[in-house]
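In the part that follows, the structures are each spelled out as structure tokens.
Heads up, the next two complexes both have chain A, just with different partners, chain B and then chain C.
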Partner chain A sequence: MTGRRIGVVVCQCGGNISDYVDTEKVRETIEKDADVVSAQVQMFACSDAAQQDAIREIREKKLDGVVVCSCSPKLHTATFRAMAERAGLNPYQYTQVNIREQDSWAHTHDRGGATQKAIHLARAGVARTALSEPLEKIRVETLPAVVVVGGGVAGLRAALELSEMGISVHLVERAEELGGHVARWGNLFPNDKVGRELVHGLISAVRARENIAVYLGAELLEKSGRLGAFQVKLRTRSKETVELTVGSIVVATGFEPYAPQAGEFGYGLPGVVTLPEFKELLATGARPLAYQGRPVRSIAYVYCVGSRESPDRSGRTYCSRYCCSATSHIATVVNGLDPSVRQYHLFRDIRTYGRYEALYEKALRGGSVYLRYSEEDPPSVTSSDGQLVVKVKDRLLAGEEVELRPDLVVLVTGMTPRENSELTQALKLPVGKDGFFREVHVKLRPVETVMDGIFIVGAAQGPKNVAESVASALAGVSKAGALLMKGYVNLDPLVAAVDPNLCLWCEECLKACPYGAVRPVEAGDKQIAEVSSLLCKGEGACVPACPKQAISVRGYTNEQVTAMIDALAQEAA
Partner chain B sequence: MTRILVFSTNAISDMGIDLAGSSHVDYPVGVETIAVPCSSGINPAWIVHAVKSGFDGVFVAADGPECSYLNDCVARTGKVIERAQALLKEDGLDPARVKTAAICSVCSEPFVNHMKQFSRALEALAIPPAAPA
Partner chain C sequence: MKSDPTFLRDLHVGAEFDAQLCMNCGTCTALCPLGIELMPRKLFRRALLGDREGVLGQKDTIYSCLLCRLCEANCPAGVHIAENVRTLRVALNRELFGLAEA
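And then the complex of A and B:
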């Protein structure tokens, strides 16, 4: 009993909940609990009418906390926080309780049990809310300037679009020229644009912009500060140090083509090349098609080299996405050059997704032959008297061995992450199992990182073709623009905080904090820990480290979690 | 009914648990979840408190190597679990009442399997061992 005035809404979700949970029983039970002064059932809690009801209830009954028992917090926390705010209630005194995904839908065969569970979960929500404090969003000023790291197609597009929004851009490229890989590829799928021309168009547009500064042969060395005002140090080509203050950082450092090991599918034998090498050969434009002075009359492509490997072989378990389409496209280019060149595609699966399927069909119609191999039984590439010999068990011919004697073997190599440990270190960016930079969520927040204000775009985040790299660059630009254009942002205040009465400044939390957010401050006659709410990420790594239980994450305090456990454990009446 | 308290993580494992429900895959109804920001931030005292308050076991649905906050989340979560187990032992409680596994955002099936297995394992713990003859 805390003397709080809490309102509870139990949602039926139009049957999604009430078909499996007795929502009226939940309401009736919870209404009798201490601290609960209002309990309602709604058919759709998120509907306008239901929100109006709740707002009226908050005002009339002078509620100081609200709990909505409905769907997953991922869906509607923001909706109901905004509702609380409209009613004049602090949005952090609202709690979302999940009785759909984690109750009604998970226990469809046990109405009694699911109802009891809903009561437990609702009580835990009430217990948490009863100990909630009003919290203010953290307002931080933001500077309209961005560092874009990497000047490939993704970085170039990002720089241009940011510049268009009136944001100043510092474009930092490690190489001696802008453009990244695309400049090397000659004709590109899907519409035969020439890579060099595409990139040069972007480069001249960038050069024409007054609010874009380009640094070539340069690298980002250090970063400090926070979202809205990062201090960044660059090392330029002339080994000078440049210091900048920017509101956000966009990382567009791209990928590196997979480099096969010597001997992998015959790599190292004359006439065995990688897809990038073959693309460059085609882009030089020498006709008729020849390799090292010898005419090329037949080609065997081996797909998925360095991609989709089983986890016990490498971390490259992912599909590199671009390669099936790029190779089908190359086959059509070769076909256009000389329709009599025979082309064999040794593939595992053809992943020419979406409209790229048309490339595959075009290659097929041009006479390309497709043979399907399995990872367990890969093709072998050897050489006998200077003639390449490829043997493959074709799964579509019930594993019958086929022998080819091509003039050229092209290894369809995938994408790997670029070596970028210094940058990773400087930005403290998380890296995934695959070695690419890691987003917060691949579907829901694909260009954001846990480092607020730092975005990852293009192939730096994972394998992407040009269109996908550009799409992701635009996503990053809109995220950065949204942060910077207003001049300030409001951050969630759910970060760690210290109880000054309990803290003895033993430094354990400082040692545990991965983000350097803890420092000592004087408090009366002793030192205590203080958490910077701008640097703290609220993950709580310091919480188990504290011997005094003095530090906790707001919204998940010791008292709150303990009270939630008590509420769950209590037998439902 | 065997009662299990699950600690999930807002960003990852709670979604995997949601997905079990969205796919209408049933798991034992004695399983109840509290979502926290990250498994490395769980106070071992909470785990002990849950067991003492009537939960038969506590399952930490961790982020594993997928954690977006910490590259060493697995090691840190491991320490939390070890500490909780040590505390349980001190109080004469079976450390097997705490379990952890990484649950990814689409790991609904592994989650359900863990819940079924853990539930059975806890039931077996509840039966006092037969007195030696």
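And then the complex of A and C:
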């Protein structure tokens, strides 16, 4: 009994919850609990009408804490915090309890059990709320300046659009020129734009901008500070160090084409080339088509080289996405050069998704022949008397072996993450299992990283074609713009805090923190830990590490968590 | 089977031969009044892959087609099946029987 005045809303989610949980029983039970002065059932707690009800209840009953038992906090925490705020309640005295994903949906076979679980969860929510304190959002000033790392098509577009918003941009490119891979390709799918021209258009637009500084042959060495004001050190081509302060960092460092091993599908034999090599050959536009002085009358493409491998072979289990479309498109380019060249496509699946299906169709109509092979039984590429020999089992002829004698074998190589360990280290960027930079959520937050204010765009985040790279660059721009244009952002105050009386500065929390948020400060005659509320993500790795229980996360204090566990363990009525 | 990339070219088969659009659904085989002896999709596959013997060896099949177009009217990929059969016939006439084009 804390003397608090807590209101509880139990949501039915239009049957998603109430089909498996007796919401009325949950309401009745929780209403009798200490500290609870109001309990309601709503069909849709997130609906306008239900929120109005809750706001009235908060005001009339003078509530000082609210619990909504509904869906995952990921879905509606922000909704209900805003609701609390509108009612004049501190938003951090609101708790969301998940009785949908973690209860009704998980226990569709057991209504009694699911109802009991909902009661336990609701009580834990009430227990946490009863110990909640009003917290203020952390206001952070943000500088309207951005470092864009990588000047490929993604980085160029990001720089231009940020500049357009009035944000100053520092574009850092490791190579001696801007443009990335696209500068090397000739005609691009889907609409035959010329890569070189596309990129040159972007480069001259970037050059024309006064608020974009370009650093070529340069690298980012160090980063400190926080969202809104990062201190960044660059090394320029002349080995000078440049120090900048920027509000946000956009990483657009792209990919590297997969480099086959010697002997992999005959790689190393004369006449066996990778897709990038072939693409560059075609970009010269020379006709008739010839390779190393020898005419090319027939081509065999082997798809999925270095992609979609089984997990026991490599981390490259992913599809590289661009290559089916790029190869079908290349086949149409070859057709345009010389329609009599025979083209055989040895594929695993054709993934010319969306509009790119038209490329496949066009390649087919141009006479390309597609042969499907299976991962277990891949084609072999050998050479006999200087003639390439490709053997593949054709599924459409019931597995009969077909022997091709092409003049050129093109290995359709996928995308791999670029070697970038220094940058990864400097920015503390998380890397996924596939080696590409990892986003927070592939669908919901695809360009954000766990480091606030640092965004990953283009093929650095995973395989993408040009259109997708640009779309992701624009997403990164709008995220960065939203942070910087207002001049400040409000961050959740749910961060770790240290009790100066208990702390002994044993450094355990410092070692546990993955974000480097802890540092020592003098406090009277001793040293204690201090947590930067701007760097702390409130994930709580430090909490169990502290031998003195001196550190805890606001909103999830030791007292609150203990009270929640007690409430969960309490015998349900 | 050894694929001969020049096979179709030697037959002077041009762009009108659209068998590569076939998606191997089997509708033509199911509908053909001559029964499963005549399998356009297999015949076409061999032609496309440059299986010289495989195609020439099926000349009876190629000539037994009624050109009734039952298959063609129902082909979901829009393959000009009967037209392709005729193209192969013209080629065989020239290749096997030394008949010149009219």
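Just so we're on the same page, the second predicted complex is superposed on the first by the 565 of 573 C-alpha atoms of A that agree within 3 Å, B and C clash if a C-alpha of one lies under 4 Å from a C-alpha of the other, contacts with A are read in each partner's own complex, and residues count from 1 in each chain.
In the analysis below, contacts are C-beta pairs under 8 Å (C-beta built on N, C-alpha and C of every residue); 3 or more make two chains touch, one makes a residue touch a chain.
Bear in mind the structure is a predicted one, so any value in this text is a computation, not a measurement.
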| request: Examine A:Ala286 and indicate which partner it touches, taking first as chain B and second as chain C; both and neither are also allowed. | output: neither
| So, does A:Arg342 touch the first partner chain B, the second partner chain C, both, or neither? | second
| query | Once the shared chain is lined up, is A:Asp566 touching chain B (first), chain C (second), both, or neither of them? | reply | first
| Touching A:Ala259, do we find chain B (first), chain C (second), both, or neither? | neither
| query | On chain A, which partner touches more residues: chain B or chain C? | reply | B
| query | In the complex formed with chain A, which residues of chain C make contact? | reply | 1-3, 5-6, 8-9, 15, 18, 20-21, 24, 41-42, 45-46, 48-51
| said: Quick check on the complex: what are the chain A residues that touch chain C? | reply: 297-298, 339-340, 342, 344, 364-365, 367-371, 394, 396-397, 400-406
| Sites on chain B touched by chain A in the complex | 1, 3, 5, 10-11, 14-15, 17-22, 24-27, 29-30, 32-38, 40-46, 49-50, 53-55, 65-71, 76, 79-80, 83, 105
| remark: In the complex, the residues of chain A that touch chain B are 72-74, 98, 100-110, 113-114, 116-117, 120-121, 124, 430-433, 438-441, 449-450, 494, 514, 537-544, 549, 552-553, 556, 558, 561-562, 564-566, 568-569
